[in-house]
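The letters A, B, C and D name the chains in turn, as written, and every chain counts its residues from 1.
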């Protein structure tokens, strides 16, 4: 199942629901350019549970119609300029959530359940604006006790970056178990990795503990420094200067276009 | 380094955070929150010195202080299990009822100013017993009469499951306590160099206050010594830029000539 | 937090809800004798999700009033004799479940939710005999679609055995994540381990991936071969001959008493 | 080792399992189920030889064939996600409506004979498309008119979420197909050495059947060769006792004198 980035990108089709991880978990930034080149638009992006640079760039490239998220930002580099602009102009539909609600929706899909209940949310404008969520009275209490039900989130495609995969398609995700949650919930899971190892990651209990089995992995491509300018836990730190450079450039449509066409989309090796 | 030595405004904030956290077993701190983190570290150092029960600190997004191994859902699970006693929340807007807005100003969804989003606030505010609202900028655009979007409400109707919520509001000018029964803030103390009239001007909501509010206490010598020693060292590991800035400020405060000359 | 077996056993009090793992996940057989010596009875045992030798022995010792489980057996060694006998005489209350319902109840507790929905179960006598479960119509469908809600399972104490812990109280559970689920859901978690390691298990991403943080661990004791006669994954195999020896002996009250008083309760080193 | 060579009854069972599994991508097998596991391995070997899409086998409780890394809940999650196409179920009692009892005979809860319990059947029977009921003992005490306790029902009322259920029932005497519309079994074939009258006597429920049921086909030479070679080798790793027994039986079958002499 070892492919290249373009082959992975071709598996994303217009209108799909695309799950992408939080900035510190393993963002496959290496896939951003191939996704934009592929050009499949009208995407419904699900941030697990928040989004950053990749989401901002996909929005800037005009590929996104809906963002379902608990937040989008560039962290230390400030607000996400293309996201903020698209919200302001109404160019994208925003489905504001809260982190545990995104996790609950994915967990419902993981469990094959139609929904998961969660505490909190009552009285928020987050809930008020989510017509797709339901409130019921907790049936285990005699009266009252409203509780929110979050419907299952079933992405068509999950895309993330991890340190390594083996020749058998197993991917090492370490303690970043939201990556497993995304894969469990999604129909297709596309993974980029720093490297391929020869021995099965399931062959010993130590590496197996942090492994997403190939059962849940659709396709893999090698992309060294594939999270850049984000960091990858245990591998390399975030390139904050580059994030700031992007944040400044992307304030305007032209600046964004300039940035995206630039050579700096490649990581320094 | 005596109690009479000059003290940085941020040192007062950090010492106040430590006081507000007194008694917690486990506090979670957001990724880019050096002052709350420093306050938590100061409390931990004080308890350690006093030989009292240890304080556990989880700093989100940090590799060094990440004690979680079950992905980004674990913080929320952990809070839901009642294993997190305190948490910090900021906000683009905070109103007098303790409502927090992390989403945007103006209409929704096409906000005139859009902030990142609600993150976990719409859950954590309900289940973490002691949520400390912390925002250094103390201005009428932040502290509004009514938030434009409720990411998380200060109080809930009877019958709504709620075991957490706002405990205090700490700004660069003063400290408010939240009155859960009345659902509003009361000014607890004013930081050195500020006064009630200034705070009233800078606050867009009404709040209770004594006629002559007390001044926020300065850290005692023991506390200050821990803060400037052990805590700054610990802080440097996670927030190197912030720690360096504070050390520079401190040097300027203690030896203005040297700081200018350097 | 390094203790001995007796100190661990003292934390179990009469009437408590006790969660114990499935036979292949890491059963703390080393705790069985101290628990019996401690003598805290009227226990409500929750098998995660099935029980075996330890549950049978606790029942045989008269410490158990309720068993909540998807099954109790000795696997290849056959039925669980003390359990079967106690069911027949009505000496214990049996709360028959199904594996994913036990997992759902623990997950509800992990999430701080009052219940979790699950598919299946409709029309079974498992459901018919569980007055503590509820059936509602799925609110996300216009009509019908009954679905079962499993209330949160919140054990007072979880007890299990793992290969290692570090000096900071972190426990390595590898891919046996039901052990983490038990700990998340339980007020107190008591762990026996083969050995203590010096370096923090959280210090590198490889071992961290399989680590239950000390936050969830109340107390730890060292017990070499502590799962025996069960095996421990990655460490040693099950001693099936010993299980068969027990299964034969425990057919009668006398045989059980003989077996339990025997020297063979110690593992061969 | 030609097609005309003598064949063990268990080889017919294994080959039948492989036929019943044809087309699945992923089959899960219980821990102590060597015949279903052998059938799945045989199908995998056949597909491999034919260059067709690979078959994935998960053997529960096995270290060697455990591809799960999320604890014992993962099998059920995986099934709930629709990633498991086939599963095997036994039963202390199985009735003519496809109901399965894994709990006990007689009254409940104080069963006169108690079996271990329902395990995951009350869920998997609903969500795994192709559940193969497998029980070698073919007797009226197993195949009853009505089970004493429904661990898992053969069919469900309209409106109940159900995408899985019984596909076939395989015993030491014959093979039944389950008719989902009528909710009953029809005899598909009788294994060599058995006949309809015997099966009727041994079955406590009524079932549909042709006047002259067909005989269960014996594996062809290619299949038998794979089964006695590659599959037995694979099987030895996970079920060494079972594999050795089968090899001994086979030797006795092929060379009775040698077997007696040894």
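The rule is simple: a residue touches a chain if its C-beta (ideal position, glycine included) is under 8 Å from a C-beta of that chain, and two chains touch if they have at least 3 such contacts.
Values in this document were obtained by computation on a predicted structure and should not be read as measured data.
Peer 1: Please find the path from chain B to chain D through touching chains that uses the fewest steps, and give that number.
Peer 2: Contact-graph shortest path, chain B to chain D, evaluates to 2.
Peer 1: Counting C-beta pairs in contact, does A-B beat A-D or the other way around?
Peer 2: Greater number of contacting C-beta pairs: A-B.
Peer 1: Taking each chain's centre as its mean C-alpha position, how far apart are chain A and chain B in Å?
Peer 2: That gives a centre separation of 29 Å.
Peer 1: As a quick test, compute the distance in whole Å between the mean CA positions of chain B and chain C.
Peer 2: Roughly 41 Å separates the two chain centres.
Peer 1: So how far apart, in whole Å, are chain A and chain C when each is placed at the average of its C-alpha atoms?
Peer 2: The mean C-alpha positions of chain A and chain C differ by 36 Å.
Peer 1: Listing for chain A: what residues touch at least two other chains?
Peer 2: Those would be 100, 107, 111-113, 118-119, 145, 147, 175, 180, 208-211, 233.
Peer 1: Using the touch definition from the top, which residues of chain D touch two or more other chains?
Peer 2: 68-70, 76, 80, 127
Peer 1: Just say which it is for the chain contacts: an open line, a closed ring, a star, complete, or other.
Peer 2: Topology of touching chains reads as other, fitting no named class.
Peer 1: Every pair of chains that touch: which are they?
Peer 2: A-B, A-C, A-D, B-C, C-D
Peer 1: Considering only the defined contacts, which chain C positions touch chain D in the complex?
Peer 2: 22, 24-25, 48-50, 69-73, 75-76, 79-80, 83-84, 87-90, 93-94, 96-101, 103, 107, 118-127, 129, 144-147, 175-181, 233
Peer 1: In the complex formed with chain A, which residues of chain D make contact?
Peer 2: Going by the criterion above, the answer is residues 26, 56, 66-70, 76-83, 127.
Peer 1: With touch defined as at the start, can you tell me which chain A residues reach chain C in the complex?
Peer 2: It comes out as residues 100, 104, 107, 111-119, 134, 136, 138-141, 145, 147, 149, 151, 173-175, 204-211, 233-234.
Peer 1: Applying the document's contact rule, which stretches of chain D touch chain C when the two form their complex?
Peer 2: 31-32, 61, 63, 68-73, 76, 80, 102-104, 108-112, 114-127, 149-153, 156-157, 159-161
Peer 1: Name, in rising order, each residue of chain A that touches chain D in their complex.
Peer 2: 109-113, 180, 184-185, 202, 208-216
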